[in-house]
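Please go over the structures that come below.
The two complexes that follow have chain A in common; it is paired with chain B in the first and with chain C in the second.
Right after this comes the complex of A and B.
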């Protein structure tokens, strides 16, 4: 199974190469990619140089052009496609059918992956992307159990890729409007979930209060682990009491599921976190590289090594084990 | 902490001069920082080491970057980043992940979050090493003094407690 690692900057890409990535995904510094954060991402020259660097070490680079193009302004997305191809990207990760169509028609030799943002969560949907645009791989949404992943992988004529670590979207990806509702900006159209410009933090008697737009998202007691101020992981006051209605603030960690994911015949394992620093990239990539070596050699796989890097300082296997069913 | 003790009694001017040299070195060696900061080069950042009786106001202007050493942060900074000195330095040299330090409540941030995120990303990409840059002008003495400073500001036990860092 290929280890697919994030990089938000050229330095992070270099570190991911050194830490044992098989492939690295990254994006341009504009709204064509779903991590369009201030100071993050690659300009054209950095992309070209970074891909060349990765290739020198036998590491592939997958360029994420995975937001949805706006009617009347598709040129930005088409230019990103053309430039990524020119930079010799090994694959493009795309969510929008219009952009996929452009890739298939204009660059028929370019390898195409279906982004998690496309929310292709069943064989019919995946078959559409494979037959219409020649997609070679689909990144599965984080709403499927491992048996469901295995069933899909058996049925489709392309590779499957799944997330194994990092920030966890609990909604069907590419369809979530919570950030848009609260701030007017979304990962789907603007490349930002809960944009930094709409976030406020305030300390009050040792407690940390986080706000997104006009909404108070959480109040963390003194010493309590904090989390990103996203609506899906907010703490809500209801008639039943106060708590996390949708999802606890926790990161995905599928270390313990690696043997089952291998049995499910997934082709690639993805680490989330292009917005994270080099310390995160290096540590997480090395940890999973060692885990995959242990899996290959039939040794026990160390677990829970990455809690300190996780949102809320806790982890979950998410939908991979649907314990609520 | 010896650094805290020293900074309580020593005048701020020599430190300010030293940091000015450091900042000029960074400007010439790491110009990409300013590209990544974009419009945030005009912001004023308050850097507040909570284990020292002083703080810094950073103005990362492309042509004339400036850092001012103060006893307490003045009102009106655009963003404030507070935490132990070793955490603040560790974030700049890639030892610590800023988000993890935030989750663990080891650092506090407030103010303009876009400015904070841009600064974090710009510095993380630059691989700037503030300790090394601040002593580079000392020539042959730079290496031993840098080693001494690292021992003072980043005791190994801190890294273990954080559960983050470059190892693994």
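Right after this comes the complex of A and C.
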């Protein structure tokens, strides 16, 4: 299984190459990629140099052009595609059907991956992307269990890639407007979810209150660890009960699922977090590299080595084990 | 401008669901009606026995009927059911997931608001594959709607005009989670909330509405005051999404405003009486979807709970 690592900057890319990544994914510094954060991502020259650097070490670079093109300005996305091809990207990760169509027509030799934002959650939709655009790999949404992933991988004519560590979407990716409802900025259109610029903290009677846009997302008692106010991981109330109605503020750690994911014939394992710092990336990549070597050699996989790195302090294997099914 | 009645998104009692459509067929001034369970396949068997009668009545009353597909399908039985629906030549499908496009094999169809069409390039692709009507995603701003609609003048573009806007879909059922039940043994607790379960913040601000695996806005989308702009942008139809209120009256209000028989401001007052939930239209103006932008462009928050 290939280990796919995030890089938000050229320096992080260098670290990931050194730490044992098989491939690295990154994006241009504009709204064409779904981690469009200030100070992050690559300009054209950095992209060209970084890809050349990775290739010297036999590491692939996948360029994420995975937001939905803005109407009237599709050329920005087409240019990103042209430039990534010219920089010799090993694959493009694309979500928008209009952009995929452009890749398939203009650069038919370019390897195309279906972004998780494209919401390809079953063999029929994956087949649509393979047949329409010649997609070679699909990144599966984090709403599937391992048996479902195994069944999909058996049935489709392309590779599958799954997330193993980092942020966890509990809603189907690419089909969630919660962020734009509260803040006006959406993952699909702006490449951001629950953006930092929309967050306010305030103290009230010793409690820390986090707000996003005009809405209170959580309240933390004194001493309680305050998780980032991601919308789907807030505390809310209803007439029938209150609390973390959608998901606890946990992040994904599928270390313990690696043997099953291998059995499921998954091609690639992806670490989320292009917005993360270099030290984080290096540690996560090294840990998963060691885990994969242990898996290959038939040794037990060291667990819990990444404790403390996860936002919100707790981790979950998410939908991979559907305890709630 | 045409009116479309979107599918019932909530878990309504099957007989009430049937009677709702019978009344719509006879009394509501809508051109198109989308029928079928699109949120949770566990609810589908209860509606199935009523679908033929509902479709027949709607058709007899001159409504165009579209059969809505599921939004998220992962089980084999769900995929099979959609393949059968796609193969049924007597129906026109409204596609809510790309899975159905292959099943349709290029046959003419409609596309629902859950397929991501954010630009003219994507619209062109789907039209080339047989899409004749496209209901655009609720979060699209007017400028994008205009560009897309003008790029494909032979296609009917529709926008979400009334009702709680659907915001997210998950594999996990939040009604079941709230009631500490598994999804497989959910006891259909979502039927207790036929208008969605209101979700408020810890500061008692109304925020969202829960509907099983689906999450919607608490606020009710109302584009009643934006009809002139939508018409000018090339929008051909407005979608009215069924809520627990007099939907015949809602359709009549929209029809009257579109036809110039009723002033938009008066219509808005009347709409609030028919469905007393705070209104929002922020998505249309590239503002937070929870806000309401009045004619002058001022942004109002949705009203707090008293």
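By definition in this document, the second predicted complex is superposed on the first by the 317 of 325 C-alpha atoms of A that agree within 3 Å, B and C clash if a C-alpha of one lies under 4 Å from a C-alpha of the other, contacts with A are read in each partner's own complex, and residues count from 1 in each chain.
Convention: contacts are C-beta pairs under 8 Å (C-beta built on N, C-alpha and C of every residue); 3 or more make two chains touch, one makes a residue touch a chain.
Bear in mind the structure is a predicted one, so any value in this text is a computation, not a measurement.
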{"item": "First (chain B), second (chain C), both or neither touched by A:305", "value": "first"}
{"item": "Touching partner for A:24 - first (chain B), second (chain C), both, neither", "value": "neither"}
{"item": "Contacts of A:278 with chain B and chain C, given as first, second, both or neither", "value": "first"}
{"item": "Partner chain(s) touched by A:70 [first = chain B, second = chain C, both, neither]", "value": "second"}
{"item": "Chain B versus chain C as contact partner of A:178, first or second or both or neither", "value": "second"}
{"item": "Residue contacts on chain A - larger count, chain B or chain C", "value": "C"}
{"item": "Touching partner for A:258 - first (chain B), second (chain C), both, neither", "value": "neither"}
{"item": "A:84 touches, of chain B and chain C: first, second, both or neither?", "value": "neither"}
{"item": "Complex interface listing, chain A residues touching chain C", "value": "68-72, 74, 95-99, 101-102, 118-125, 127-129, 131, 143-144, 148, 170-172, 174-178, 180-184, 186, 188-189, 209, 213-219, 232, 234-242, 245-246, 319, 322, 324-325"}
{"item": "Footprint of chain A on chain C - complex, ascending", "value": "71-74, 79, 82, 97-103, 114, 116-126, 137-140, 143-145, 147-148, 165, 167-174, 176-179, 182-184, 197-205, 207-208, 210, 215, 217, 282-283, 286-290, 301"}
{"item": "Touching residues on chain A, where the partner in the complex is chain B", "value": "8-12, 15, 37-40, 43, 195-197, 199-203, 208, 220, 223-227, 275-280, 282-283, 286-287, 305, 307-313"}
{"item": "Touch list for chain B against partner chain A, complex", "value": "35-38, 40, 90-91, 94-100, 102-105, 108-110, 113-122, 124-127, 162-168"}
